[in-house]
Amino acid sequence: MSPQAKKQENKILILATETCAYPGADSVGQAHSTYPSNTYILRVRAPVLFPESFYFDCFKKGISGIIVMSCGEECPYEGAFTAMAKKLDGVYKKMKEMELDLKRLRLTAICTVCNRSFLNEVNQMDKLVRELGPPQFKK
Amino acid sequence: MENNDKDKGADKAKEAKKAAMKELRAQRKTMIAAASTKMKEQKKDIKAIKKNLNGQTATIPEIAEAIDMPKDKTLWYMATMKKYGQIVEGPKEGVFFKYFLSESDKTQEKAEV
Amino acid sequence: MSTINLDFAEELKEYSDDKALECFNCGTCAAICPLVHDNFPRRMIRYVQVGAREKILENSDELWRCLHCGLCTHTCPREADPGEIILGLKRFVVANWRRS
Amino acid sequence: MFNPRDIIETLANNVRQTTSPFGIPKFMVNKWYKDVNLPKEGEYMLITGLMYQFAPFIEKSTQYLEKYEGTKMASLLKYARYMPGYLSGIGLAMMTSGKEKKDAGQPLKDIALLLKKSKVNFAYRPDLDNYSGILLYDMGDQKGFVAHAKKIAQKLKDAGVKKIITVDPHTAYAIKELFPKYTGISFEVKSYFELLDLGSKDLGLEVTIHDPCFFGRYLKLSEIPRKVLGNLGITESEIRNKGEFTSCCGGPAESISPSLSNEIMEKRVEELKEPGKPIIAYCPICLGNLKKSGAKVEDLSTLLVRHI
Amino acid sequence: MTEKNTNKTPDNKKIGVYICYCGGNISDHVDVEEVKKRAEKMPNVVVARTNMFMCSDPGQELIINDLKSGKIDRVVVASCAPSLHEATFRDAIKRAGSNPFIYEHANIREQVSWVHQGDPATDKASVLVASAAAKAKLLKPLDPVRVEAKKHTTVIGGGIAGIKTAIDIAQTGINVTLIEKSSVLGGQLNNLDKLAPSGEKASEVLQELLDQVLNHKSITIHTDCKIEAVQGYVGNFSLSISKKSNNKIEKFNIETGAIVMATGAIPYIPFDGEFGFGRHEQVITLQNLIQILKDNKSTGSILEVNGKRIRNIVMIHCVGSRQIPGIHQPKEDGKLNEYCSRTCCAAMLNASNQIRENFPATSIYEMYRDIRTYGRGQEELYTQASANKVVFMRYETDAQPEVSLTSGSDYPFQVKVKDSLTFNEEMDVPADLVVLATGIEPDDVSGLASMMKLPIGTDKFLLEVHPKLRPVEFPITGIFLAGTCQAPMDAGEACNAAGAAAVKASALLRKGFIELDPFVAEVNPDKCQGHGACIEACLKEGALNLVEVENDGKTVKRAQVTAAMCLGCGACAAVCPEKAIDINGWALKQYEDMVDAIVSDGFAV
Amino acid sequence: MVSTHIKKFDTLVVGGGIAGLQTALDLGDQGYKVAIVEKDASIGGKMIRLSKVFPTLDCASCITTPKMSAAAHHENITLFTYCNLTSLDHDTSSEALGVKAVIIQNPRYVDPDKCIGCRQCEYVCPIYVSDEEQGGLSATKAISIPFSNAIPQLPIMDIENCMLCGQCEKVCPTNAIDYFQKPEEFIILAKTAIITTGFELLPKEDNFQYGNGKIPNVVDSLQMERLLAPHGPYNRVLRPSDGMEPDSIAYVQCAGSRDKSMGVSYCSRVCCMYAIKQAMLLSGSLPLADITIYYMDIRAFGKGYEQFYQNAKAMGIEFIKGKVAKIDEGENGSAIVRYENQDGSGIVTANHDLVVLSMGMIPGWNPEPICPVSKDSDHFITSIKPKISPVLTNMNDFFVAGAAAGPKDIVDTVTESGSAAMEAAKFMSNSIMEN
C-alpha cells in the first residue's frame, strides 16, 4: 500500500497548446525521459484565453513557476500569439511591481517533437523554483 | 474436476505451442543463429563501452581508441545507448561531446558486476 | 570585350559533331579531368559556344594535354561529349596550321 | 611541354612513310610470332596493331624527350624528322636493347597461348598486322588517320578477314569503332580476353586491376577480365577509380609532355599501390608507363599464363 | 439537452472516474488502486473504477453501464495520451446515449508513469485525476454549431482557374455563379499560344473548358461585373454586383454559401526605358513575342517582325521578377517584385525553341540569372533549346545586361553583358530584337480583399492560411482561393489549385448545412454589461458584435457571438471584466478550478 | 469464404504519404468511403520524416501529425498499413465496382487489435538493428515501433534479427505478440483509385562520382533531415564517422538530377529549396560553421521561395556555381569535393567535414507489372491532361497526385491532392448520374 501522499512544494504549471506543446510533452513520455514530477501540464487551445489575473492567482494559490508552451508563430489562431505575448508583457510589468522574480514565468515555443527543449525548460524552471521557493507576496 | 479439465486444456495448448515454437525455431535456424551471434557481439561491445565510461566521461574518439572499436561504430552504439537512456551527453570538449553513464544505468551496472 | 562570333560554329562543323552548345557550363568536365587542372576543357567549349576562334588558336597547345581518357564525356550531365569537342578542335587547329 | 605541332607533324610523317609512328620499319619490331607456331588461316585473325611491340621504343624515346623537355632543345624537335638518329626511326630501334624488345613480345606470346588453351580458332599473318593509326586520330590529324586506316582496312578486307582478335584497347577501339565510321569497312572485333575459356580454379589470390581508359569507358569491357580472373579464384582489391571510371595512367601524354605524364602516373600508381596487391594492367601503354614507377605491375596475360 | 435546464450549479454533478492499468504501463509506476481510493473522496466523484485496459471493450462497458444506469453524468478517464483514446471514450459515451462533451481525460501514462517513478508518480496521477474531475464538473453537453448553408458557390474571376473551379463544383451538384469583370472568359490564356512544355494550344485548352462551363446547367455566368459589396459568413454570404450591359448598369445580389477567389494576375509591364523598352519598338516583352509568334505568317527560314528580318534575338530573363533592393528600381509604390515569376523561364525557352525550329536563320541569345525549368518536361525544354543552338549567357544581379543602340553597325542594338560563363568577360551581342522575359504581377484586388477581409502578403498576392496545410483556404471560413491571385502558376498548376479549392467548397456545402466545432465563445446574457472589451480583443472581425437588446424595457448593448465565425481562441474571455464570456468546453473557470485542484494536491478533500 | 477477404470502398488511395492523406481527407470530407493502402508500417510518408519544411520553417512533424491523426480518426477513412499491392486493375467480375486491388498484409508478428503501443517489447528486446528511419545512423530493436509519432502505434518484429528468445512475448501486457503470424491476402474493390506513391531518392550507393556511399561523412539529404530533426539519431548535428560537430558543411546540388550520365535528366524540383532550408537550420544550430551550396541554377520558383533564398545568402551561406564533379575521402574524416571555379582560376578541391548529397528523386513505385497505368519516359505516372487536369491518367477511373506524377514540393503536392480528390469525386458523381 502506498504511503500517504506528501504535500508537494514548488509546483510548476505548464500551459501547453494542444496542437504543439502538449503532443510535445507526450513525445517526451514516449521517449521515457524523466523530468521532475512537480510539473502539471494543462492542455489549452490558445493561451490567449488567460487574463493577466490568472497568472497572479496561480502564484497566489501557491504555484511557484509557470511555463507557457505555445506553438509560437505557428499558432493556428491568427494573431493569438502576438496578443498573448503582449498580455504576458503586462504580466511581467506587474510581477516587477510585486517584486516577483520574472523568471517564474516563461514563454516558450515547443513543437511536437521538441523533446530536448521541453526537458531543458522544465529542468531549468525546476532548478529555479527550488532556489526561489514558493512566491512570497508583500501584502 | 472442471478445473482439472481446464488445466488439462491449458496444458495441451501449452504443449502445442511448445511444439510449434520448436518447429519455428527449426525453420528459422540460420536467422536465429545469426541473430544470436549479433546479440553476443553487441553485448560485448556495449559492455566494453560501459566499462570504459565507468567513473569517467569521454568523447567518441577517446572511447573508440580505448576499446579499439571503429569510431563510427562507437558513435552508432552511443547514439543508441543514449536513446535507450543508458548514457547521457555531457559538455562539449573542443569539437566533440563528452558522454557519461546515466545514473539509473550505473546502478544497474553495479548490480550486474 | 569581345563580340560574339556567329560564324565560327559553321566553320567548326567540318571537324566535329556540332554539339558544343549542348553544354550548359556546369564545369563537371573541367573538374573531373585528371590531366589538366585549369578550366579545361570547359573553357575551350565555352569559346566554341561564343565563337571565340582566336582564343582557341592562341591557347591551342592546351588541347594536346588532353589524352582522350574519356572521363569528361562519360560524366557529362548533358551528354555534350566534351572529349569529342576537344578532338574536333584538335582537328580544326591542325587543319589551320596546315593551311597557314 | 613540347609544341604539339612539331610532334604531330613528326608522327604523321613517320606513319605516312613507314606506317609506324616512330618511323621504325615493321620487320624490326614485330618478331614475337617467330617463336610461336601460329596458323595462317582461322576463324579469327589476330591483329596486334603493334602496340605491345612499340612499347619499348616509346619508353626509350620518352627518356630522351624527358631530358629535353623545358630546355632550348625542345624547340629543335620540329627538326626531328631530319634527325632520325635521336628521336625516331631506326636510330631509336638501335638504342633499344634486344632484351627490352623481347620482353615486349612476351605478352603477345602469352595471349596466343591463352587463346590456344581456350580452343579459339585463330590465325596470325604478320603481313596483315599493322599499326592502326590511332595516335594520329588522337592527335587530331584526321586526314592522316583516315588515309592510313583506309589503307590497312582495305588490306584486311582484301585478305578476306571478317573476324578480328585484338590485344590492346587502342587498336581494338580503332578497328571496332573508328574503322567503320571513317573507312566504311567493318569487322567483328573481339578483344582476346572475351574469348578466353580457362576453366575454373580456386587460387585465392587478390590483385589490383588497372583498367585502361579505352577498355573501361569507350568499349565498356572491363567486367570481362574480372570474370576470367574470378573463374580462377582471383579477386580484385577495392580501389577508388576503376571500370568505367578508371583513371588515366598518363601514358599517352608521353610524346607531348613527359613530365605531365609522370605526374599523372605517379598519382595513379599511388592509388593502385594502396591495397598492397600485385597490379595488373591490360594495355601495353599502361603497362610500360606504370612499370616506370617501379611498382610491381604485370600484364593480364602474364598473370593468366602463370596460373593455367 | 434537458440538462441545460436543470440546476445550473455544478455541485450535483455525478462524476465517474476510470483509471487504466494499461497492462502495467501505468500500474508499474502508479499505484492505480491508491489513485482510485483517493478519487473516491474527490468532490462530485460518485464512482471510481480501475481496469486493465480501459480502451478494451470491457473497459468501455464500465462507462456505458454507469451512464446508462444513471449513476453518473460526467466521465473522467485516466489513461494514455488523449490523442490516442479521447475519441474512443467520447464514442463510448455517445453509444451510451449521452453527449460526448461531458468527458475529460487525464493523461497519466505519457505524462506520468512514463516520466516519473514511485510515490511521486502516484501522487501526480491523483492530482491529474482531481484536476480532470474539477474540470468535468463544469462541463456541459455541447452540440456542434450548425449553420444552414446555401448550396451555391460564387467564383470570382473567369480565367482558367475560375472556369475550372466552377466546372468542378457544379459537377458535384452545387450551383455556381461565375463572375468575370471583363467581357470574355479565359483570362490570360487568351494571350497565350503554345503552352510550355508540351506545346498544347492555349486556345484549344480554353475551348475544352469553355465547352464545359458554358453548357453546364448548374453554372450561371456573369461577365462585365463589378462586386460592390460582400456580406455575411460561411454558408450565407451575400454579394452585391453591378453589371454593365448595353451601356446600362444592372444591379443584383447573389446569395451564396461559399466564395472562391480566382482573380488572377497580370503580366509585368517594364518601366519606360527598362532595357530600352518603350523607346524602341524592337524591344518587346515575352507576351509581345508570344503574340507575334501566334500571328506570325513568316514563311522563310528567318523570323520577320514588323517587316524586319530578325537575324539575332537577345532575350533577357528576370525582367520585373527577382528584384533586389538597392539594385532594381522600385515601382511608384516603392515596392519591388522580389519573387520569382515561375513561368517565364519555361515560356521563354518554349518560344526560343519555336523560333529556332521554324526559323533556323534566326539566332537566339538568352541572358539569364538562373534557368528555372523546375517542372515536369521543363528541363527537356532547356536541353532542347541547347540542342537548337540557343546560346546562353549568365549575368549576375549586380551587372545587368545593357541594351544600347548602335551606329554604323549592321544591327540596331548591341547588348553588353558580363558573362559569368565566359569567366566574367564582357561580351557584345548584336541584336535585331530584344525580348524581355517579363513575369507575373498580382492584379490589384485590394478593394475586394478589404471588403472580404482577406489577407494580402508582402508580395501583394492573396495570402492563404497556410501554404502546406491549407493552401487554398483563407482564414475566413467559406472563402477559398485558386490560381494566380495566390502566386505565379502555369495553367496546369492553376487547374490543380482550382480542383483543390473546389473540393473544399463542395465538402463544405454538400449537406446544405455546416457543422462547426462547438468550442466557440458563449456570452452569459445575465452577466454581460456591454463594455465591448471582448469585441476589441476579438481576433476575428465579425465574430463578436455589440447588439442592442431589450432588457427590463431598456435598450442595452450586449455582446453577441456569431458562432460560425468564432475561432474559439478565447481572447475575449481573457478581457471580460464580468467574466461574462467564455469558451465552451475550454472555459477559463474550468482552468481556475483545475489549478485549485493542483495546488490542493488533489486528494485533500 | 472468399467474400470475407473482400472489402468495399468508394476510393482506394495507394500510398499514405502527405498526398495520399490529403486526397483521402478531401474525399472523406465529401462523404466517400476511402481506403488508404500504405507499404510502410506507418502513414506519413516522407514528410513525417523531415525536420522542418520550407519556406515557412514549420516543424514537419507538427504539421504532418494533425493530418495523420485526422485521417486515422476519420469516419470515412480506413488505413491499411504495412501492405503490399500485388495487383491493381480494372475489375470485370460480377461484384465489380470498377477497381480491384489484391493486397497482402505483411505480418508484424504483433496482433494489432491487442497491442496498446506501450513499447515494453522494444525495451526488453536484446537485439539492436540499424534504424533505417534514422538513416541507419543509430539503432532500434528487432521489435520496435518504427518512429515516435508513427500511426498506427504498432511495433514490427524484424524476424531476420530475431532470436525467438521470447522476452517480448513474456513482457507484453496484452499477449499481442504472435510469432506465427503469416502474410494475409485480401481484396479491395472500389470505384476509383488514386495513386499517391511518392518518390524515393536515387541511392547514393549507385553513384560512383560521389563515392558509392562509401566515403564517410557523405550523407544524402534525407539522412541530413534526420540529423537536423529534434528527435534524430544524435539529437544534434554530428558527423557520422566520429561524432564531431562539423565546422564546414557542403551541399552538392543536382547529385543525380539534371544529369543524363547519372540516369536522371529531369530536375528534381525540391532539392534547391530543401538544401537552402537545411543550410539555414544548420547555421541556426551551428552558428560558426561554414556552409557552402554548390549549384548549377538555384530554382527558388515557388511562393516565398526567392525571398527565402535571398535570406539564406544574407545569412552568410555561400553559394558557389559549379557542379561538383567528384568527391574523395580526405584526411581525418573529411571529404574533398572537386569543382571548377568558374571565374577562370581553375579547379578547386575543398575539404568539408560533412557533405550532403541532394540526390535526385525517382518514382517511389513502379506500376509494372502490378497495374496497367502508363508511365512516361521519366518513369513517373503519365498525366494525360497536364494543363486542364494534371491528375488524370490514361485509365479513366485512376488518378494520380503528388510526387507519383513527377517531383513536387509539399505545397504543390497538397494542392494536387485536392485536385485528384475532386476529379475522383466528379467521376463517381457522374457514374451515379449515368446510372
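Letters are used for the chains, namely A, B, C, D, E and F, taken in the order the chains are written, and counting of residues starts over at 1 for each.
Everything that follows uses one rule, which is that a contact is a pair of C-beta atoms (placed from the backbone, for glycine too) under 8 Å apart; a residue touches a chain by one contact, two chains touch by 3 or more.
This structure is a prediction, so every number in the text was calculated from the model and none was measured.
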Touching both chain C and chain D (chains): F
Central chain (distance from its CA mean to the mean of all protein CA atoms): F
Chain pair with the most C-beta contacts: E-F
Chain whose Cα centroid lies at the greatest distance from that of chain C: A
Centre-to-centre distance between chain E and chain B (centres being mean Cα positions), rounded to whole Å: 48
Averaged-CA centre spacing for the pair chain C and chain B, given as whole angstrom: 60
Chain centre separation in whole Å, for chain F relative to chain C (CA means): 42
Chain A and chain C, separation of their C-alpha mean positions in angstrom: 68
Contacts with two or more other chains, residues of chain C listed in rising order: 24-25, 39, 43, 74, 78
Multi-chain contact residues (two or more partners), chain A: 23, 30-33
Per-residue overlap in chain F, given as positions that touch at least 2 other chains: 56, 58, 63, 66, 123, 209, 235, 258, 342, 344
Footprint of chain C on chain D - complex, ascending: 1, 3-5, 7-8, 137-143, 213-214, 217-218, 244-245, 247-248, 250-253, 256-257, 260, 264, 267
Partner chain D, residues of chain C touching it in the complex: 15, 34-35, 60-61, 63-65, 67-71, 73-74, 87, 89-95, 97
For the chain F and chain E complex, residues of the former touching the latter: 26, 29-31, 53, 55-56, 58, 63, 66-67, 69, 73, 116-118, 120, 153, 172-174, 258, 265-267, 269, 297-307, 310, 321, 342-344, 376, 378, 380, 383, 386-391, 405-407, 410-412, 414-423, 425-426, 429-430
Complex contacts: residues of chain A adjacent to chain E: 1-3, 5-8, 11, 13, 23, 25-26, 28-30, 32-35, 37, 40-46, 48-51, 54, 57-58, 61-63, 77-80, 83, 87
Residues on chain E engaged by chain A in the complex (per definition of touch): 31, 34, 38, 81-83, 107, 109-112, 114-117, 119-124, 126-128, 131, 465, 475, 519, 537, 539-540, 567-571, 573-575, 583, 586, 588, 591-592, 594-596, 598-599, 601, 603
